[in-house]
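So, here come the structures, one by one.
Shared between the two complexes below is chain A, which pairs with chain B and chain C, respectively.
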Partner chain A sequence: MPERAHAGLARLRRRPEIWLLLVILLVGGVFGVTARGFLTLPNVIDLLETYSVQAIIAMGLFVVLVSGGIDISFAATASVAQYCAALLASRVGLPVPLVIAAGLGVGVALGCLNALLIHYFRITSIIATIAMMSVSFSLLMYFSEGRSVYDLPDWWTSRVVFLRAELASGDIVRITLPIVLMAVVALVTWALMTRTSLGRQLYAMGGNPEAARRIGIGTGRLTFFAYGYLGLLAAVGGMVQAHRVGESVPNAMVGTELAILSAAVLGGASLTGGIGTVPGVLLGIVLLAILQNGLNLLGVSPYFFQIVIGITILVSTSITVLSSRRGRRLRQLGGAPAHG
Partner chain B sequence: MTEEQPFLRLSGVSKRFGGVQALDDIDWEVRRGEVHCLVGENGCGKSTLIKAVAGVHAPSAGSIEVEGRNVLPLDPGRARALGIQVIFQDLSLFPNLTVAENIGIEGALGGALRPVRRARMREVGREGLERLDFALDLDALVSDLPVAERQITAIARGLAARARLILMDEPTASLTRAEVGRLLGIVARLRQDGIAVVFVSHRLDEVVEIAERVTVLRDGRKVGTWPVAEVDQRRIATLMTGVEIEHEVVARDMSAAPVLLEVGGLSRRGEFADVSFGLRRGEVLGIVGLLGSGRTELALTLFGMTRAESGRIALEGQPLSLRSNRDAVRAGIAYVSEDRLSLGVVLPQSIEDNLIVALMQQLKNRFGLMPPARRRALAAEWVRRLAITIPGLDRPVQTLSGGNQQRIVLAKWLATGPKVLILDSPTVGVDIKNKQGIYEVVAELARQGMGVIVISDEVAEVFATCDRILHMRAGRIIGETVPGAVSEHEMEARIYA
Partner chain C sequence: MADLSPSRDRARSDFRRSLVRLSGGHPGLTGLLAALVLIFALMVPNFLSAGTLNAFMYQLPLLGLLSLAMVVPLLTGGLNLAIIATANQSALLMVWIMRTLLSPEAGASTTLAVIALALAAGLVLCIAIGFLTGALVAYTGVHPILVTLGTKSLIDGISIYLTRGMALSGVPEIFSDAANATLLGVPAIFLLLVVVAVCVGVVLKHTPFGVACTMIGSNIDAVRYSAIDTRRVLVGVYTMSSVTCFFAALVMLATFNSASADYAQSYLLVTILAAVLGGVDPFGGFGTVTGLMIALAILQVISSGLNQFGVSTYLTVAIWGGTLILVVVAQSARGTLPPFLARLRR
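Showing the complex of A and B:
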């Protein structure tokens, strides 16, 4: 039994989530001491809301990464979906459900277009999605001429508060729609990936696509699901982003690709597919959020933050690689007497 | 009716790929619960045959019956539903998933939103392993398991999917003798459960041990099926190749030759410890030991890929400090890896490109460029010297047979003019005819004065090539013999003891 517990501990130690959690606690502790106002409930809730859009989209990206692909076009997809919905709401004046359905539909369609290119035309996912990013974003800029939509209807921009509390300090904290949506999306994604047949098949396909095909997994269907799901969540993220800022700016989401991808990789999602967890990706977002916010509160230049992100990613991924390599070397000799 | 109906019956099955007749009018039966061996050299049609049975390739002609019912047209899903499971050589496992998840994966297919219960998956995993009477950590990642345990996971997955016939493609190719023994035990259990097992192999030793019947294929045709008791290994080898093959001991006494390579007290933590030996000019030295005995790790250190933590290496009396494999190549040490497919050659590149890689320095003219005509001439010369059969220098290496690929790798290193050549398991996956060819090349190189180290766990192989044999276990050299001083059988017993 102690051996089993030991094996369990060893396995735990190899989970990137654990390391990430430790780093977060460490960084959070340091900022808690050095940056005034960092470890307060209002600041934490504010952070949650600020990063809700990134977290929602990261859930979709996570599914694509697990399936063994990658998508660079999601920020462009989010912008296109958001802008189309904004036009339908403000210029055409469609009713609420139709606007939302149209926005989500655009997202899913763009995601499925990626899947089509990847599955039927056998274009490498990174190439296909870079091309799609370029095409869909440029189309958006061409037709919108870069003009923002400021007159979004009230139902879209007015704040939805689920829970409101006044603290002893007099600060008011609110649990708002973006936070709730983020929680729901994370929960649904987690359940989908760990508790359904579909999730198992996605992990299987990401781990060994040929073997997946041989046991009769329909890889085409899964590809469409993964990219379609990311398209859907990108559209959700895009519309939530407009909800938060109260307008639709065509290029507002551009540039978030790398931050979201970094968060997913930090959280242990493998770029080669088949590996990653929802809590890991969320922790990745959390780490990036507190780094940015903490350094901000300390008055450090935003450029410095980019350096910190880069170094954090390099260090965390190297640690993962190095620890697994050492494990392999020791295993080799440890396994030898067993043959005798 | 005395004759029981077979589980699987193929009648007149043929398969053409373009102009190649891969299978030619095959009649074949597998009985319920029998252990059947399907043997033949590489390219004889074994793989095509199992793929036809697994529903991967549709036969161009003929019929396939399972328990008397025609099952064509067959697809992989239908074949599995009929209880036909193929364990491919690559095992087709999911390295990122746990043992339990791999075994239970088929139960987790079906409706997309169907819930998957972890507890259920673990249960299926445990049942599968229990039927094999084998304990494995259900939560271990498959990527962390040694090959033998991965294979057991794959077999358990087949059982979990209610297999009635399991076809194993080259199941022993990457196993040590002890692991093969364990696998044979598992096969015996499957037979008790009434599950038929077909072993597909080009190695002969384990064929005789477990099978009831053996079927030999050659050039896409069935040579015949015999009860194992009626054929011996030599006869099977002859049936497979159509030629008689005779291995004889070639050991010479080289103790008078000058020492070429001297290794003293070489150690590297976790890999090997206190390794000392000498290699003489023109000598072929065998290092035998199981996978994990440190033999490959030792070779990598001699080739400068890893650094020893203590000890010394001297070449022709000069101490060597190898910081990288480039240092080793410069000093005159060449290494041909065990895994020729992934490490030794760049498969999609042309034969010429592969041959030239190791020669770049030599080929550069004074402008640092490589004239194409010289490249071509040099490549052609090596193809001729090693008698490699090729369709053309510009063809990708992957179009060649295993033995010819091996020779390409060999040529690549010989072209650097090494003094010491290290061959790691040089004939793994190579068929009998080509093996003999490689042995001849080794002997010829030694005659020219090169020192050759052959690393292997096939005793027959070191007996057929080496002058002297070192025995390695758990990172140490524990014995030295001369082929012929002990019998092959005795030597095997020592290695696998």
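Showing the complex of A and C:
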């Protein structure tokens, strides 16, 4: 019995998420003691809503990372989809389903354009998506002239509350649409990646594209799926972001690329593909979220926050890599699965 | 006959391969540059004037030096996302030293001494940053994108925290006079770019270190088994990239006359774009400084030409991105089209 427990512990130790969870518990505990109002339900719910957009897009990025690619253009995709949908809703006055379908369609189309460049023209994914980012975002700024759309229709900006509860302290807690969407997207992505053959094929392709191709996996189809899925979720994220702030600002999402990428990688998604889990990526976002929120509540200057993010990325990635190095040989010989 | 045709086939494929390599390299890019200059000369009046050339020589150095700083790690298959943060912090440190140590009535010799001290401090800072980055990349084995994402965030954070996001001004006149001087009509900052580019090119092409860099980009394990200390080479790579940032910091001081944590931030991805346009393989192993310089000239010609048309800068960036996609698509089509056509003919 103790031997089995030991083996279980060893397998747990080899999963990078465990380290992340320990760090989160540690940081959360420190903030819970030092920052007033950190470990309260309203604050936690508020955090969930604030980071819902990042989490939704990170799920899509996670699929692309697992497939062995990388995408820098998702923030531009989200902005373009959001702005197109906003124009259709406020200037043309299309009905609700058409606006949503158009927004999602723009996202998927931009994602598939990335896949086209990467699969058929063999452009490295980071280069193709950097180029696509400059093209689509610059065209958006050129045609919109940087003007925001303030007159979004009511159905878009009005709050959707699924659950409302009043706490003993008198605070009101609301489970709103962004939180529910985030949960749905995370669940769907998790099921897709672990419970369908499509997901397993994506892991296989990320692990070794040539081997995957030789056992008959259609890598082109998978590439289109991965980037199209990220485009779709970027569009969802963009429209949720407009829902939260009540307007569409063309450059509101710019600059979130590296934050979302670092969250995904903090959560153990490998930049070389084939490795990563949905819970891990969510934990990565949680870590960045509680760091920012906790420091805020402690009254630390927001200027200081970037220093903390930098140190966090450096320390946690180094620990993850150094700790997994010992178990790597074992894992390659068929030990614990790298994902699941 | 039967034993002749394979060798003829091989000769033909060798010829085709060398043709592909030739057209994928500089001749294609030079042709594109010449075509662009010709088109703009025909369509924009006064494009071929001293004014355009002058603007060209003043605008190119900053992007050029930052791209050089990006190319060195790119050759090894890495990336340095912290180049602009490094350059900004070095510039901030230099301005801070100059303005705290210099009083307006200081004599010429004191001023020169302080400037020398400031330059030395900026250089030391860059070397330290590069050394640390390189050590992290080499000894932890974490992907360079992540390491430099972390260092970029850290360096930017420190700069912003210390300056509260404000710009620092107070560059002494002697410095800005010297930096904005011209030699035979060529601005000093352009000469700086040329000198640094030649140095980087020579180091990469004609020293054991440079050869080790490109070999690491091709296959790091093979290089390690060939008894080359890859870790030391990697530390050197990021130090060299950082030192190039020091020269970019000098150009920033010369052009903006001040320093700030958020100057030139939008150039970060453009440097990668320029490098890839210049034929640098983003996976490492291949690329030359000459190709990079031609690519930079292409980007700058597009920008100056469109600028005189009165086109917005946003559209210019979109066209830059489009140019990159077209060039890379053309390169990959050249590789796949001839076999494809041959199959059709058969």
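Observations
As a working rule, the second predicted complex is superposed on the first by the 320 of 340 C-alpha atoms of A that agree within 3 Å, B and C clash if a C-alpha of one lies under 4 Å from a C-alpha of the other, contacts with A are read in each partner's own complex, and residues count from 1 in each chain.
We take it that contacts are C-beta pairs under 8 Å (C-beta built on N, C-alpha and C of every residue); 3 or more make two chains touch, one makes a residue touch a chain.
In this text, all values refer to a predicted model and were calculated from it rather than measured experimentally.
After overlaying the two complexes on the shared chain, residue contacts for A:S158 are found with neither chain B nor chain C.
Looking at the shared chain after the overlay, A:S138 reaches chain C, while chain B stays out of its contact range.
Residue contacts after overlaying the shared chain place A:L314 against chain C, while chain B stays out of touching range. By the document's definition of touching, of the two partners only chain B reaches A:I275; chain C does not.
By the touch criterion defined above, A:Q201 lies against chain B but remains apart from chain C after alignment on the C-alpha atoms of chain A.
Once chain A of one complex is fitted onto chain A of the other, the partner contacts of A:I126 are limited to chain C, with no touch recorded for chain B.
By the touch criterion defined above, A:T34 lies against neither chain B nor chain C after alignment on the C-alpha atoms of chain A. Touching of chain A by both chain B and chain C, each in its own complex, is seen for no residue at all. Against chain B, the residues of chain A that register as touching in their complex are 7, 11, 195-201, 203-204, 206-208, 210-212, 214-217, 221, 225, 270, 273-275, 327, 329-333, 335-337, 339-340.
By the touch criterion stated above, chain B contacts chain A in their complex at residues 56, 76-77, 80, 88, 90-97, 101, 105-106, 108-116, 137, 139, 144, 146, 176, 178-179, 270-271, 290-294, 297, 473-475, 497. Against chain A, the residues of chain C that register as touching in their complex are 81, 136, 140-143, 145-147, 149-158, 160-161, 164-165, 269-270, 272-273, 276, 282-283, 312, 314-318, 320-322, 324-325, 328-329, 332-333. Note for the complex: chain A touches chain C at residues 72, 117, 121-124, 126-128, 130-135, 138-139, 141-142, 258, 261-262, 265, 271-272, 301, 303-314, 317-318, 321-322, 325.
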